[in-house]
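Next, two complexes with subunit A in common: one pairs it with subunit B, the other with subunit C.
What follows is the complex of A and B.
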């Protein structure tokens, strides 16, 4: 890769080398203690908090010249957020970018895990808004850190209990809490619970960056990730009665799309790359 | 009777300033016994209770506790996780204000179930059943199991707090003015309920109160405190009917009688 392709006046991947080192040290610690939230000195990025500054800093710290980057937003490669972050890193690193899951070595994601199973050697970077799974019940950071340290996790099931008491089933549909490596309870960022099983024993390395809260955590490859549940209300993923209106898939995560102002709506795959590839295959066999 | 105490307190001292806090307190507590701590405001009752329930480290002195597994432990020599484990499984702490002891943001059922979930209960049906039977025991309407405690009256909140504490069948319960702030008729029913539960479950209880009527009704033994020191101890009836120390005499004589 030719370093001249980087925009002039900027360091490779925007952050300076010392910052990247600092983030890498936090990442190493996070990988060593799966699910544990490591504080790091989050930097200002050239966009607002909540747009993925945490994920971008992690990506900037681990990206190398030989990487191939894919960025998705709610599964889609072509939304504003995904396009902008991809353009940002193409501009400031010159690395190859792709929309194909299997080609990418580094995938930055907002709120989805690709449908296609990840492989060993791939790195998945999540953008995380609120890293603390206990925050909903305990506003004090001092107290939540103590609760993690003492494995005082009884309150996590309260949330699920309240769901069942109110709705008759566990209604939490995203940011569904998981137990990582039998030790730390972790918020898997707002991915739908549909994606939770994909985190379990994944061959890929999963890194989580929260920019505003300045926390990094990780799931190393082949780590046990268990979704919390009750014996008589076991963990279940969402199911749809419809198939994707474009590719006809009946096993992917579907988004509901409003088609006109008459209330017509369709369901389509949220993972655009998965949908496109299925269409291409259908055309070949037809 | 050849019974061992459940709690041994030896020369416990926690002073914020001279005469402020509690000083050189020693006593033994036996299973099934209710010990009342009485005294005026600022006499160190609550400080003593906080020290006993490992929420406030004392300056001096030791507290030994006999666990369910028949093992003597020095409470302040334990790791923080062991201390919390004891608090969750073997003890109950009933706060004066139910808001301090309850989770106001979640339903009554979840409040009762929290300790069970924390100790590993993972069956929703069982949790639900236990919560209902406890609401029944403390005379709360089962139909309100999914309501938040914010919608409960003060007396109901206090009864909910008691249920939440007793659900794991503790051996030792600390109570800080459990009837404070309740009107007299509600107080009487709550005391009745407490006395019944204490007898049924053979609980050891340390109860802090400034109300001598509460002490007489619930406690078998009394500790009278003033300026952080124990001025008199003994059987409740003995202390209240034949007070020896000048302060206790003052305390007893100042009770309004109709």
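What follows is the complex of A and C.
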């Protein structure tokens, strides 16, 4: 690694060492208590809240010279948020970056888990807007802390039941609550529920950072992560009748894209790396 | 008045602290995995792994309690100089407790945090003679299960005191309360956080 590539006047990975230590201590407690939200002294980052300041602080505390970083926004490597954060860390750490899921040792993500299964040794850092799954039911932090302490999660099931009563099925499609290691109800960040099963017993380490709310939480590798459901309404992921208009995949998570002002639309893979690799393989076999 | 020799801490403070942390994150999230930790040297009776861990985690916002023989002037002064950590004489208010396996404090006096804030419990750093994934002479072989462990993992620790074995197998604190234990020997580290279920072979 060439230290000259780091922008002058900044510490490695932007944050000062004291802040990194504080975040690191919070991360160690977070992995020791899977799904529990550890408060931390969130810092101002050179971008507004809502753009991934929590994820960036976790990444800055974790990243080292030997890492290879991938950043995705809604699955895509080439959108504003992903490009900016990737450039930020390339500037301030000099680490290698990649768009290939299997090459990355560290992946910062906004609202998706890559389609390609993660491997042991990889670290996935989620950007989290609202870390508290009970917040929309109970606005008081004192109360939600107590509810977590007492495992008082009945209201969460009531919220899901209200969906069934109103729509006939659980209509929650993203930020679908999960139970981690049989103990803490956790917000998986606004990933589509399509991605929830990938969290269960993943060989990769999953870290979550919420910058505005100043919370860090984690799921160690090989940890039970169960999406909440009912015996007669078991958890189900989204399915599409369409397949990807570019690569033809019928297994990936699809984004609907409006093509013109006549209402024409197409569905394409949200994971750009997955889609591109499938296209490359199709060209080889063609 | 004897002057205390200050030792070099990390050669590369930023890089070394990050690497030590990544090893600690690895062992805390995958209990029983053994990682090497030799970014710092030996500090008097403190092994390289223990000194490295202290340098990476301690600062002026953390309180540490040192057991015999670590509560010497040399260790205390060096830790204070390099990290600015606060030394405490009251084991119950320490964020980190550093001890040798044969000099454990009363475990029930260590800070546990509360049901609302279980993260405020103490991290127990225990220096032992040897850590291995296969049985050693005079060692206790532990079978670990829980988060971070696919199936089960075996860990052998030499001369693990009865008190600590009782704590690990009995788990007197109801989850989410509990001690997160980092085991350090020479230049290797492993950890047994509060979620790990421990059986003795």
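In this section, the second predicted complex is superposed on the first by the 286 of 286 C-alpha atoms of A that agree within 3 Å, B and C clash if a C-alpha of one lies under 4 Å from a C-alpha of the other, contacts with A are read in each partner's own complex, and residues count from 1 in each chain.
Just so we're on the same page, a contact is a pair of C-beta atoms (placed from the backbone, for glycine too) under 8 Å apart; a residue touches a chain by one contact, two chains touch by 3 or more.
All of these numbers come straight from a predicted model, not from anything done at the bench.
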Give one word, clash or fit, describing how subunit B and subunit C relate on subunit A after superposing. fit
Touching partner for A:231 - first (subunit B), second (subunit C), both, neither: first
Scan A:240 for contacts with subunit B and subunit C and give back first, second, both or neither. neither
Three-chain overlay: angle at subunit A's Cα centre between subunit B and subunit C, nearest 10 degrees, stands at 80
Quick one: is A:174 in contact with subunit B, with subunit C, with both, or with neither? Answer first, second, both or neither. neither
May I ask you to decide whether A:155 touches subunit B, subunit C, both, or neither, giving the answer as first, second, both or neither? first
Classify the contacts of A:165 with the two partner chains as first (subunit B alone), second (subunit C alone), both, or neither. first
Identify which of subunit B and subunit C touches the larger number of residues of subunit A. C
Have a look at where A:49 lands relative to subunit B and subunit C in the superposition and call it first, second, both or neither. neither
A:65 in the overlay: touching subunit B, subunit C, both, or neither? Say first, second, both or neither. second
For subunit B against subunit C after superposition, the smallest C-alpha distance in Å amounts to 10
Shared subunit A surface residues [contacts with subunit B and with subunit C]: 146, 149-150
Help me check something: in the complex, which residues belonging to subunit C touch subunit A? 13-15, 17-19, 21-22, 24-25, 28-30, 56-59, 61-62, 114-119, 123, 146-150, 175-176, 180, 193-195
For the complex, which residues does subunit A have touching subunit B? 137, 146, 149-155, 157-158, 161-162, 164-166, 229-233
Parts of subunit A lying in touch with subunit C, wherever the complex brings them together: 11-12, 17-18, 20-22, 24-34, 36, 38-39, 61-65, 145-146, 148-150, 181, 183-184, 201, 203, 205, 218-224
Can you check the complex and tell me which residues of subunit B touch subunit A? 80-81, 84, 88, 103, 105-107, 109-110, 113-115, 117-119, 122-125, 127-128, 145-146
